[in-house]
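Take a look at the structures below.
You will see two complexes here that share chain A, one where it goes with chain B and one where it goes with chain C.
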Partner chain A sequence: MPKVVYVHPDGSQDRLDVPEGTSVMQAAVAQGIVGIVAECGGSAMCATCHVYVDPPDAESLPAVGADEDEMLDCTACPREPGSRLSCRIVLTADLDGLTVRLPEKQR
Partner chain B sequence: MSTVIVGAGQAGVHLAATLRQEGYQERIVLIGDEPEPPYQRPPLSKAFLLGSAPEHTLHLRAESFYRDSAIELLRGERVTWIDRPGRRVRLAGGTHLAWDRLVLATGARPRPLGVPGEDLGGVLPLRNLADARALREHMASARSVVIVGGGFVGLEVAAAFASEGGEAVLLEAGDRLMGRAVTEPVSRFFARAHADRGTRIRLGAGAAEFLGRRGHVTAVRTTDGRTHPADLVVTGVGVLANSELAEWAGLAADGGILVDAALRTTDPRVHAIGDCARFPSAHHRARVRLESVQNAVDQAVHTGRLIATGEVRSYRELPWFWSDQKGLKLQIAGLPTGHDHVQLLGEPGSGRFSTLVFRGGRLVAVESVNRPADHMAARRLLASGRELAPDRAAAPGFDLKAFTADTAELAV
Partner chain C sequence: MAQTIEDFTSTIHLQDLWEDPYPIYRQLRHHRPVAWVPAANRYLVTRYRDVVHLERHPEIFSAAEQDSLMIRVMGRTMLRKDGAAHLRERKAAEPALRPRAVREYWTPIFRKIADELIDGFYERGEADLFTDFAGPMAARSLAVVLGLHDVAPQDLQTWSQAMMDGTGNYGDDPAVWQRSDAAAGAVDEAVDAAIASLRSAPDESVISAMLRADDPLTPEEIRSNIKLFIGGGLNEPRDVTAVASYALLTHPEQRTLVTADPARFKDVFEESARWIAPIGMYPRQTTAEVELGGTLLPAGARLGVMLGSANRDETAFADPDAFDINRRDRAHVAFGGGPHFCLGSWTARAQVGQVSLPTLFRRLRGLRLSDSEPVRLGGWVFRGVLNLPVRWEP
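Here is the complex of A and B:
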């Protein structure tokens, strides 16, 4: 099962085994990881599952969609080049070891 | 010491999680009357119906979460009585559970139509997972589908059905779609969009009677005297708050359990949140009862903090809503109810537009169709309380996002 590393703003980490086909957001919410809110449950409606993905991981992700792009301009913490909505990152075997940084706040 | 939460939907689960997050150390019992682990409802009328969201993806939390957080989750259990003087609740099996804080997150149930034939086979409401499973099964073989009710649920089901190549008839007793929730331009846009996708919309037509043969529905007779053949009928004409438990316990209720600005019932140790609660809205200046994930989650956070810290504050979160009708993304910030002026931003014909909704010269809501940036800006603007005059909004080239960014700078 692919692993995902969630890095909190204080530097502490949570590592989760995430079944393929599950999003980075769903996995975090299911395990109660504080720092991902996901108010809309994964419909790209709320921008409260914002994460930062740094290179080289960022390049292996599918491109940012039009809806996601618009919502990323409206996140509670500033958008950076590696900003993504974690509901839009669905785990595949290739993404094993993906590291995402959590913003200071989501809302 | 313990908190008992009646109802394990979005509000109940979020409350339990918030209590632990806020450092609450006492016993937490979360009681749900459905057999499944707590799940999200919004996909039931969308992805789940289409088979693109398997059941396990609906679960709000992994089962290990409840165990690891020491949240006692009781599934398939119903609370039948609240003993307020004795501070305990009774379960259907006769067990009693003690509490010193009780939270009612009992939700709502589909409003019955009250017309003959409603109990025929093939006439289905859509509220919970069992309903959605039944509907999905029926959809696979249905030839003639009638949807009763042109609200969010009815339209989402119509969109799902149309995307499978089906043609449904949608009956709406009012003179426009989503009449209680949105403004006229938005109603009109959605009527056209659904018609283009093959749904036949009949406004001003309610269901008068369901006709059947051998216990199964065969047709719907409407209030305007027509008959539509149907082997599947989906009903979605609103909900009734589950307030009976509260009423039996002597708590005030009026179309929902009445709570104060801090979301406490008439007994300050009993709270009510989510779909079942009627609260004084800081934004609408009236008592409202809202049905949305945002309302459930924010009221859960509010009440969780109150119980964990003892600090009593007024609930002030801005309401917002969304509906996803297969590529038509409707987002609403604020409450359009009672509006007297609507300003369009963008052209509905383009498939992307917003409305600025005013009441008495004050901006009360913004509706956005496929314009998420407007929606997010609107949420900030409405929450900030900054005024936007209708004539400024009407100026050519007015940009909501730029205006709101301006507001954020002023606030700093």
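Here is the complex of A and C:
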């Protein structure tokens, strides 16, 4: 099962085994990871599941879609080149070991 | 102890909740967080963690409530559907309410409406911001966003109130039904007229989006959902505008912070929606026997999901009764959550946080509460300030 590493703003980490087909947001919410709020439950409508993905992981992700791009302009913490909505990152075997950084706040 | 709590829940009167629900909510959170409250004829879910949990499990905590008064008044709207049936209708409306549409189309119109309303009373040096600004601002904005271009804002406010009174008519008062039925009929006529004109001249509005969706909504679906949006898109921005203005007028140190840095009106909006959630309660119904917050709920149990209490939960928010735009705990649930997360959230943020509040506090110099009458608050299903008499130096 692919692993995902969630890095909190204080540097501490949570590592989760995430079934393929599950989003980085869904896995975080199911395990109660603080820092992913995900108000809208995955509709790309709330911008509260914002994460930062650094190179080289960032290159292995699918391109940012139109709805995601729009919502990333509405995040509580500044948008950076590696900004993504974690509801739009669905785990595959290729993404094993993906590391996402959590922002200071989601609202 | 258990007996004492039963005694307490059975003595809760709706009038007490209407006047000040927060001390009652605190008791419930501490002693019976999922409590059968006879006066409400529901289990009230008062803790933050339980509210968030049930929002994440719509398959157990269903929005499709049986014998719903909302359905009686409005027909079967998307807010009383689950799953794919809900999503289809929501997606049809969504393009008109996403952040980009709000920024490009609606915000400039909101600015114009706010300025016109203030122009209308500016020279008087006094007004009731609830009736003279917050209400008409919300109504005029809503008419444009929905695509009801020929509807008078006052009519929209009347229809909204009549339908909301109907959805809360648990006492089966025939006069209330008569008013809500009349309002629903008037909305049907207005929507049919709007559909006819928007078919030939499409625009960025909600009704136009519903007509142009990949899977377009039928006129009947549009009529029901527009009733929902009139019920849910008017009083809420009105009430947050009035509550936020009241909060700033009574917290001068925080007012100083935001007038020095108007970008912080965003924080005022969020904290006002947390502090006095405009929608204090919404219903859900269990689809199976389930345990929640230490209470075993039978299948079919009617729940009152108490957003007004969850937003004051001391385990989620430090000093929860205080209005504090600087608080660190900011994940309030005023917009609900999950599939039914407020579709109008971005419209409301722009209308209230980016336009109404900054414009009022910039243009009305020396804005202060008038001593002509006290500010009153009321409500628990819906809560807000009921009047806001103010003065300024023209």
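Everything that follows uses one rule, which is that the second predicted complex is superposed on the first by the 107 of 107 C-alpha atoms of A that agree within 3 Å, B and C clash if a C-alpha of one lies under 4 Å from a C-alpha of the other, contacts with A are read in each partner's own complex, and residues count from 1 in each chain.
One rule holds in what follows: contacts are C-beta pairs under 8 Å (C-beta built on N, C-alpha and C of every residue); 3 or more make two chains touch, one makes a residue touch a chain.
Quick caveat, the model's predicted, so the values are computed rather than measured.
Partners chain B and chain C clash in the overlay (superposition on chain A).
Judged by the touch definition given at the top, the superposed model places A:40 against both chain B and chain C.
Of the two partner chains placed by superposition, chain B and chain C are both touched by A:73. When the shared chain is aligned, no partner comes close enough to touch A:10: not chain B, not chain C.
Of the two partner chains, neither chain B nor chain C is touched by A:59.
Of the two partner chains, chain C is the only one touched by A:106; chain B is not. When the two complexes are laid over each other on chain A, chain A has residues 29, 39-41, 43, 45, 67, 70-71, 73-74 in contact with both chain B and chain C. Here chain A touches chain B in the complex through residues 22, 26, 29-32, 34, 39-41, 43-45, 47, 67, 70-71, 73-74, going by the rule given at the top. Interface residues of chain B facing chain A in the complex, by the touch rule stated above, are 17, 21, 40, 42-43, 57, 59-62, 64-65, 68-69, 293-294, 297, 322, 324, 329, 331, 371-373, 376-377, 401. Residues 55-56, 94, 98-100, 270, 328, 330-332, 335, 337-339, 341, 343, 345-346 of chain C are the ones touching chain A in the complex.
Against chain C, the residues of chain A that register as touching in their complex are 29, 37, 39-41, 43, 45-46, 48, 67, 70-71, 73-74, 76, 105-107.
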